[in-house]
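Structures for review follow.
Both complexes shown next keep chain A, but they swap its partner, so chain B is in the first and chain C is in the second.
For the complex of A and B:
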């Protein structure tokens, strides 16, 4: 297939976006293909970020593909460029720096961003999140210099971050909200297992309690008090409470959304020529007659490929079941987020 | 403590404050103790809205060249900055206006044209400038504010520096600039997540010394004043005009006279006239003006009248490219004109040596009663460097005429044959010191003499003077050779010498055995030193900013062995990176 006049634009530079681009190029040698991402780093292994913070791996080892491979495939990559608006009528995107880009067909694969629980919004200014390379670059040096940490451990990444801090010799306190855990609330059994497994680390664990106040002191540290009277002074406070689809820019475009972009089993949105895949999409399951989101690298890879095939005219139906389990010291949660990325992301 | 070495380019349109932003940045960083070297490029046309680039290298260590590629590009104007993007390093940082006055079509925004690997920071420059001062004029200051926040520059000190820069302006101007700076600083601090490794915080700086922040033209003018210049005649021409501009204000304060002539021929004529009258005199020009002056230069040599020409080279023959740098007047300066016409030519290698070269030029011209040409170029004339305050010249360099003694005046021979070739020179009004002086070949009294013996004797005399200069010429700059032969000797002249020196230092770090040689004195050339240097080099590389390798051909004649040429006519200064790459390939 050769379509020299087509311009396929993919918003998002994660596994879904990159596999979509690669598939499009494989099937269409003539079209212009552009990946747009608000992140400045090329396609990288997000799950390896904690290792990067701890200096266990170098920046180059975060990268999945070389820039040369994009050149070879004639795929243009626009990094550090956020999409602000989609106008399906004129088939154009407006970027944050006020550049308009025309597209023939569009794939949205923007993934997710940090989830701020509503009851935490009062002290949001004091919280730090790690969901991207940019976050890491912003905090890496501070993390390395800091001694005491407080973590809102509402997801699996939080546990991994805790483990990393522990390996760096940091003092850590973690507060777990079992009823606001992501992606699934924790049962009593799971909570017990987590408590047992985390106890092997040098960490203070707070469960069944809540924050009373977080105050920033003049020296930059934070004073945290819980309702049950626990008091901690720490250098940094991190929040890990899962992810939400990163789709704010879709608002007003006419593309149907719920908490994610609504797509059918072919990953097509309600608007012709626009597809969505990866964790920013809510995919319709005809059997269940409902929409569900997926997380995890392998799911994103498959969905990126399927979206690309279907954009080119195919009718592939997406598999709707996650394929791996997360395992933290015996606690198993069904998700693919922490799957073996080295297996799942091979080019 | 850490080191930093960073090249920052600000790109905008003429009238957008691009050059002044660069200047403010350079001055501030110099004041903080950093080594700086900056270089501006701007359109030749006075009218219009052409592209301007302020290029500044800032380092915690000594620097000798401006650096080829930028680590940071600040775009004040996307139309121009897009064409500047190729000079941004692959891992470079772009700072751009994220809320421009008008939307961009596809690929018309510089942010959209960045390559993967680059980091871009969008700052609403236009919006913040309006917020600060009600118009877009402060975009340059907003950008400097953002830059300061991103790279951890002290906000208060920078603010003080801006206040000092605009100190003589109305308060409203000072406020507009300071407020724009602060808007940019605060916005970036609040909104930008830093993704780059650069920081000026905690940098290891050398001991603070009093520094002068100047360009070559300013130093030429200052040196001329310090070296007792009494007369300047000239016709304005880029890139030398600034010399005349400064002297027009300062020379009268020193008791001297400045004359703006109708053209360059008149200027050199007036300079020779003043020189004949016993006053230290000079002119400054560029290639096209120098071509006109060639008509008169022979008179200076033949009549043995002191004259100094500063030739700030620009690109191309004829009018060429007025605002681009080149080193292509070498042949013209060293060999141009008619007859056997030995003249002294000095080529300073860096901003600082512009001072020394000018002092020496006026000294040599007066002492050796001849023409001295100083070869600057657009880069040296305009690039700003912070340097140690130069020492004022000793009396020897300010008063150098060898006047006739009483016994000489009994039978005064203006062109008396002496061992050194220098004849005692009487200035008009000296009792008994009457003589003939024309452009004709002459005898010792100055009367026309067309005899074979007379012409040979006088030509030999002029060459004797020429060769005598070498005794007190500045020694060539030669990097430590170490033991045994080096693989590559890099021989350079003029403004390419700094880049050559830096390239050799980098090559040595890579394990390449290399050494560098450069000489401010290019005519007469220190040939023995050159041959000795080359004998210790397996290969010779001569980088210079002209197409044909004018100096390389000249050096080949001295060395009588092949040399490797490296020539650029890009209009930009020599880059150490290019020399280093060539060395790797040799």
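For the complex of A and C:
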């Protein structure tokens, strides 16, 4: 297939976006292909970010693809550019810096961002998250210099971060929320199991309690009080409470969204020529009798490829691939949303 | 010294027969009925245009900025008679269109919170202003003491009528008193603002239901006119098997029971069906009744919920989950009590007629959720036959019923809407009745134009973050279920938030005869609001259409400011070398005809 006038735009530079771009180029040698990313780094491996913070690996080791390889495939990559608006009527995108980009077909693969718990929104300015390279670059030096940390929540990245801090000899307190691995609520048994698993590390663990206040002190440290009276003064406070699809810019465009971008089994949105894939897409799964958004690298790769094939006129149906469950300190958690936690624990 | 171009404009305006002039207008004020001025106000001040009661929002926010809370309250009250109430529970159509909330401009101004501030911070010695007319000697009965009935009664009393309100419940307020929970709307505040209305000499007859205690025909004979404002009280039902089971509640009835101090059974697990304010009120009330697991379940997606973000946030804060794209298909029970509910997943589909996007159930997608109670908050419809069996049709615009002398207002006419729409409807109905009984129109709306020499705000105010509302913590919310959750702005917070209003009521104009087309104003404008135009089309209704832009200098007839995009930053004014940009304050006001 050769279509010199087509311009395929992919928003998002993660596994879904990159595999979509790669597939499009493989099948359409003539089209213009552009990847837009709000991050300042080429395609990189997010799970390695904690190792990068601890200086176990260098920045180049994070990269999956170099800038040169985009050039080799004739794929234009625009880094550090956020999409602010989609206008399906004029088939155009408005970037944060007010530039308008026309597309002939569009794939949205923006992945996920941190979930700020509603009752913690008042403390948003005090909280740090580790969801992107940009976050890490903002905090890396401070993390290395800080001595005491407070983590609340405790999702997969959170536990990994905790272990990394522990290996760096930092003092860590973690308050585990039952609903940290949103949208599941951990049962008391699961919490106990996680507690036992984490107890092998030199960390203070708080369960069955909650934050009362977080105050920033004049010297830049934070004073945390819990409802049960625990008080801690720490250098940095991190929140790890799962991820939510990064789709704010889609709202108001006419593309149907719920928790994620609603797509059919072909990963097509309600608007012709616009597809979504990876963890920002929400799909009805007849087997689960529920909507789900996949998480995990292998799922994102396959979804990126399927979205690209279908954009080019194919009719490939998405199937769940990759790991179905994550291991959360010995507790099995499904990699899709809205399932029943009890199903997961029985596997 | 800055030239005053309003004078030359006035000279032009004097030639227009549509204008009305006061003695002041020979100086700096003009009262206009020109369609172009009404059009300009409508497109330039989106908040006021979106408000069903046409509240002068920039005007009262400016008063708050000057810490004139009493004046701000009265500006509000002149459009809606319950500012303190609306400042807490308004559906905020103004904030959805606030220019500050447009892309790249940040978040909308907290208009509703500021409205509340007027009521909270006005001085104790504040003077209520009423422009009373001489008594007409005529009597009007108002059926229903909800927002529409109270608004109609108030305006009729001002116009010189003897008004009696008949209310079927023990207390006045309608949905305010019985539909909205006390933790969102304190009862002493409702009664205070209602008493300010009743002080106009309005008689209130509570526990008197028209249709059973007294007939509409009887009122029709005894009064010169009757307003039916009984609202919407018949609940829409789920119409699914199992809805007759014990512990299946209807939203409004549930709220009514809670607001009367009763404790309807909810159990540990509560499923609420509905996407509006009542659904959220029911869910939050269930939390206060001790439920541990409360969910709101909606057919479409979250963006179609008819509530604002702060309400969504408060529900989430209280641990209430929202499940979208599901619809109930069956309620399951044992020993006549609810034990679960069966849902079907839904998908979104497009249709060619409003509402354009609908939800449709997905085949074989049924699943069961265990629950102790179900609350169906699907809205209400008016119970027309309960008031009279003689109603044959309602003229929604004219407030006329099919029976001479009988008028209708509020939700009874429009169907379930919101409080501000009901108040606007009640006020409009009062005007219609006045014209019917007097035989002439006594008031008209005009555009007041006043020369204004400053921008009233520096550019730095555009970058102030929206000030969040203060709330009590979860412990206090659960300690006493009637504790008001939002505690209002402090004086300093209100002042800070008031700075964020762009003051869209200030109209910036370039005098094309004085402009030298240097384009300095275009260069400094932060938005694409100053345009080179070739033509300004006029719409069939006499208002100006969208500017026709051109980049061909030979076709340019003027450089003009597009008020729909202008954020009133004043940059253009400060750089103009010719002083050819004028500022005019525009206001919709009512005057006697």
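Here is the rule we go by: the second predicted complex is superposed on the first by the 315 of 347 C-alpha atoms of A that agree within 3 Å, B and C clash if a C-alpha of one lies under 4 Å from a C-alpha of the other, contacts with A are read in each partner's own complex, and residues count from 1 in each chain.
Basically, contacts are C-beta pairs under 8 Å (C-beta built on N, C-alpha and C of every residue); 3 or more make two chains touch, one makes a residue touch a chain.
Only a predicted model underlies this, so the values are computations on that prediction, with no experimental measurement involved.
Asks: Please indicate which partner A:101 is in contact with in the superposed arrangement: first for chain B, second for chain C, both, or neither.
Replies: First partner only.
Asks: Given the touch rule stated above, what does A:195 touch, chain B (first), chain C (second), both, or neither?
Replies: Once the two structures are laid over each other on A, A:195 reaches no partner at all.
Asks: Looking at the overlay, does A:138 come into contact with chain B only (first), chain C only (second), both, or neither?
Replies: first
Asks: For chain A, what residues appear in both contact lists, the one with chain B and the one with chain C?
Replies: 94, 98
Asks: Which residues of chain A touch chain C once you look at their complex with the stated criterion?
Replies: Against chain C, chain A makes touches at 84-85, 94, 98, 118-119, 121-122, 251, 256-259, 262, 270, 284, 286, 289-291.
Asks: Contact residues on chain A for chain B in the complex?
Replies: 40-42, 67, 70, 77-81, 94-102, 133-135, 137-138
Asks: Show which residues of chain C lie in contact with chain A when the two form their complex.
Replies: Against chain A, chain C makes touches at 103-104, 301-303, 313, 316-317, 324-325, 345, 347-348, 350, 357, 362, 364-367, 468, 474.
Asks: Sort out for me which residues of chain B touch chain A in the complex.
Replies: Of all residues in chain B, those touching chain A are 96-100, 102-109, 111-112, 114-120, 122, 193-196.
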